[in-house]
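Next, two complexes with subunit A in common: one pairs it with subunit B, the other with subunit C.
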Partner chain A sequence: MLNLFKNKKKDVNSDVNNEMLSNDELPYSNEYPNEQVMFEVKNFNFYYDKKSKLALKDINLEIFKNKVTAFIGPSGCGKSTLLRCFDRMNELIQDSSYDGQILYKNKEIHSFNTIELRSKVGMVFQQPNPFPMSIYNNVSYGPKCQGLKDKKELDKIVLNSLKDVGLYDEVSDRLNISGSSLSGGQQQRLCIARCIAMSPDVILMDEPTSALDPIATQKIEELIKKLKEKYTIIIVTHNMQQAARISDYTAFFMLGELVEFNKTEEFFARPKNKKSEDYITGKFS
Partner chain B sequence: MSKNKNNNKKSISLSDIVSRNIKNRRFKDYFTNGITSIFSFLCVLILALVIGYVLVEGSPYLTTNFITTNYAQSSVTLKTENDFVLGENRDYSDLMRYEDTVYSDKWGIGIKSKKDNDQNDIYYISEISVNSPFNNEMIRADDRTIFQVTPDFYINYLTVRTEEGTYVTVFGNDDGGAEAIISTLDQGIAIQDSDFKTLGGGIRSSLITTVILILFTIVFSLPLGVGGAIYLAYYAKNNRLTRILRSLVDMSSGIPSIIFGLVGAAIFIPIMSSMTGAVGGNVITGSLTLTLILLPTIVKTVEESIKAINPSLIQGSLALGASNFQTIFKIIIPNSLDGILNAAILSIGRAIGESAALVFAMGTLITATPSLTSSNTSLAVHIWYILSGEHPAYGQACAISIMILCVVLVLSIISKVIPILLNRRKKKGAKQNVKPIQK
Partner chain C sequence: MDIAKTELELVEMAKFVKESLHFAFSYYFDKNLNKENIIDDAKVNAYERQIEEECLLSILKERPFATDLRKLTGYFKVVEDLERLGDHAEDIAWCTSSLAKFKENIRIPKLDFMINECLKMVDDSIDALIKGDVALANRVIANDDLIDTTYLDILNLLPELKKDKNLDDEFVIFYTLLNKYVERIADHASNVAEWAIYIKSGFYKDRNII
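On to the complex of A and B.
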């Protein structure tokens, strides 16, 4: 059962005034000295069903600023679970729990409250889920929830977000038609625009193209390549070609464990791990 | 060969059995079909009989009078102070002359007949000249204040004093009708005694009370019910306590309403009277009791429609940094509008139809003025009241029933139309007044 409003772990010290690091001040990675660390996952375990099901085992991982990181691996290996940990959406699931740490900008994610965290870490779902309201209201939903009321400012945000995802030219004259009357690919781009409207640091994408046809998929892939200039992107995908095409780093998971993390070219050209090699060469899926 | 024959024989007999069976089965089919059609026909017949009876019995009573007058009669006793030399010295030329009205040129009035709520003929003064004694020279017998007779009052009796000093009385239900009344009046020079009454037996205050009851019931029950549904659907942990709560909610929809009425009367009436000093039941305690009765149904109806919302919409909203509160008001409530409206319709229907619980919780005293702090009756309790007397007024009860049935019919039509309308709105796209933004 989905317990949509439970954030069971209390925000540890959310009353401590949170001075977030600006994106330039982020620490550099030890392993990849050129990269700045946006997320750092440390000894992270995640359980479903009152600790009876271990979904993630001792994950250690860094997510780098303005890079696309792809999560790949066989079905049920825990890619989505880890992705949902970054914006604490997992805590809505009853009887789930975790131990270990995830640092966002060098701070434990539980030191932010969920509203603050989720306005900085956006999420795009597998199935396009535009709200049953107008395109304009879909895109302005997030900023409005944060209390932005100025019509001109909202107009600007909507305009820019729609332009960024390349939807503006397609819908500029019908911003008040319902979001759900768009095509699947357009809907997914609308959902990305909705995310961008919050000007987040990170965009989490869970198989964003799996419900789309090849042309719509290609559009989204191009969009992702463009978006990484401004945003840090984590994308879960089943499609290895897609991971190879659009990502800078690839993390390969199996049975809840991180098997290999590497630069994407390295990973596909010279996998360090036997299991990765088998997976890439299609020995299992 | 012989085997073959045998086989043949067997197959023939088999097909025989089959065909016999088919006949048999067909007969059974006819039988069950026949029974079902007879029963459904009976059901429809009974329904038609009930509605037909109500319509036939009630429709003559369903008049504007019936709806606009109060149940209780008020009466006034009037007389004139002076003697009059009437006729020549008064100018009654302002009287309009209608054909169905009988006029007295001596008194300057016109008398007309109409039906009261029991379908009897009654007579009232429909026309009064400005110069008529009835205009501003009639005084109340008790406090001697001037009383203006209006068409709302009908004539119970009139006693006039003649020039010879004798008294002549005519009753409003005299066989001679308006002519008899006028001819009696014209013999007199003064009105010694008279009694005027307003029509009674109407449902005006019960009708108003019903509307108030509906409003209060919705105001109390909808927010509570929607809140409860959201709590059960999204906040409550799926543990034993929640399950017990849920089955209690389910169970309580089977409790007879009269028990709720009892509880409502025992709890709400003392609380109300300690707060406002009101004695006995009233509309507020009635609607609170109805809220008790309705909550389980509302919670269930709304929860069903909340559960039908695609959870990814709610997740999408939360993932955008919306708070729970914003998600409830921007996503959950707009998307479960059909359930909420249905719950509202259920509430209205129940508030109109419920009588047993309200007899205790609201009272049975039909008053002239609807009030929040004293006993009043809804239409259903009104029926209960007028049927429980020595002379049950079936006609009026049927007339009220027609009104209730009409409302119920309209409500069920609305509840059918709502999903269609909501769907159409969704298809059209939530049309909000959003102007396209300039480049």
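On to the complex of A and C.
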């Protein structure tokens, strides 16, 4: 397919274009010309407690299509806060507010209704949280909520989603058992299957392996590497080795500020910022 | 992470190797020195094993990044060259002892020049390693071409010398070996300088490794 937008440089100062682009049409980054921009965060501040606490300060950041971006930094640095801004979950927190912009496919995220946005921007949490229902119903829940009733179509979505997360062979003979009866690692993959059943563009992951054993962690990490072929992934992790292993880009946050955004290999080998160097070499935590 | 301890041991090893080479060439220039006091190759080997082990354990336990990773991987590699420099100090001493058995006694000014240049390269490469001085390391590397040319000149000169001065075959062979060892020492000094650059910048032979 001829991509008319290839090499079209994005004007970062342009006003918001309210036209939503297809994935092929996404603009290319100025700084990383081979990357297409899925999300763009512009001069973004986020506040808790009626603006008494500034959690994110003047964040400017691009998230690239079909890449894994890791958010790292000490506890309380704002990385999970920013993650939750992408699907507007932070707005559920009382007395929180924001200013600045987050563009999703060149369109301000507040121009979407939350259901529409969250069907395209899925979230996987730290603790696996299958719904109290069967494996089949966990995966088909989203499409059903979107109004899909065709059983054959639902079967296909469940099958493909479970296959994509490498769970199908493990549960194909017991799709009717409760999702909660699976092991922790299987539950987390079920949650990822539930997420991709909605055919999202982006998967947000908030420390998805911190509650899992090393073998389950390795399976999720391998899965993330595979999933980026189809989806854009943002992962918050405290595990720097994990960020180094699975991400393409790394954003390092401290005290609500984005200290450094860089290609992961460069970030962990030759960080540009002294604070990044000190953090990854354990000179402070 | 105990990189500081490993770093100190590397500095000790580098200084010990440097002193060994200076002793070895002093022995060549002044055969009255006691060669038994010159070289303790076992000590150099022990340094190498110790530093390699500490680097591997730190990588295993700490999973280092950035400067720490460059230091540990760089130290792991540079000890090989330092150990070879230690070996060559022993080789120089052995060649000198062997030459001393002959009645012939010649001086080859080009070889003396090459030895002095080579010792300077060793000193500078070790300084560059210890201080993280990239400019100095680059000067060491640039000097290696001069050593290579001089080595070839001497190699071509030896048959003529043998003929002119009617030198013993074995005597000439020892000089050939000596010439080769000096050239190899300069090569290893260049390698040390290349690792010094890598440890400082992540570049190895103009290629960005990490």
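Simple rule for what comes next: the second predicted complex is superposed on the first by the 266 of 285 C-alpha atoms of A that agree within 3 Å, B and C clash if a C-alpha of one lies under 4 Å from a C-alpha of the other, contacts with A are read in each partner's own complex, and residues count from 1 in each chain.
In this text, a residue touches a chain if its C-beta (ideal position, glycine included) is under 8 Å from a C-beta of that chain, and two chains touch if they have at least 3 such contacts.
The structure presented is a predicted model; accordingly, all values stated were derived computationally and were not measured.
When both complexes are overlaid on chain A, the residue A:T281 reaches subunit C alone and has no touch with subunit B.
Shared-chain residue A:S178: touches subunit B; no touch with subunit C. By the touch criterion stated above, A:P271 is placed in contact with subunit C alone, subunit B being left untouched.
Using the contact criterion defined above for the overlaid structures, shared-chain residue A:L103 touches neither subunit B nor subunit C, since it reaches no partner.
In the superposition on chain A, contact of A:C145 is made with subunit B only, not with subunit C.
Of the two partners subunit B and subunit C, more residues of subunit A are touched by B.
By the touch criterion stated above, A:L159 is placed in contact with subunit B alone, subunit C being left untouched. In the superposition on chain A, A:A244 contacts subunit C only, with no contact to subunit B.
Judged by the document's definition of touching, no subunit A residue lies at the interface with subunit B and also at the interface with subunit C. Interface of subunit A with subunit C (complex): residues 240-241, 244, 265, 268-271, 277, 280-282.
Interface residues of subunit A facing subunit B in the complex, by the touch rule stated above, are 1-6, 87, 89, 92, 94, 114-119, 122-123, 125, 127, 129, 131-134, 136-137, 141-142, 145-146, 155, 158-159, 172-178, 180-181, 191, 194-195, 198. Across the complex, subunit A is touched by residues 234-235, 237-238, 310-324, 326-327, 330-331, 334-335, 426-434, 436-439 of subunit B. Residues of subunit C touching subunit A in their complex: 1, 62-70, 201-202, 210.
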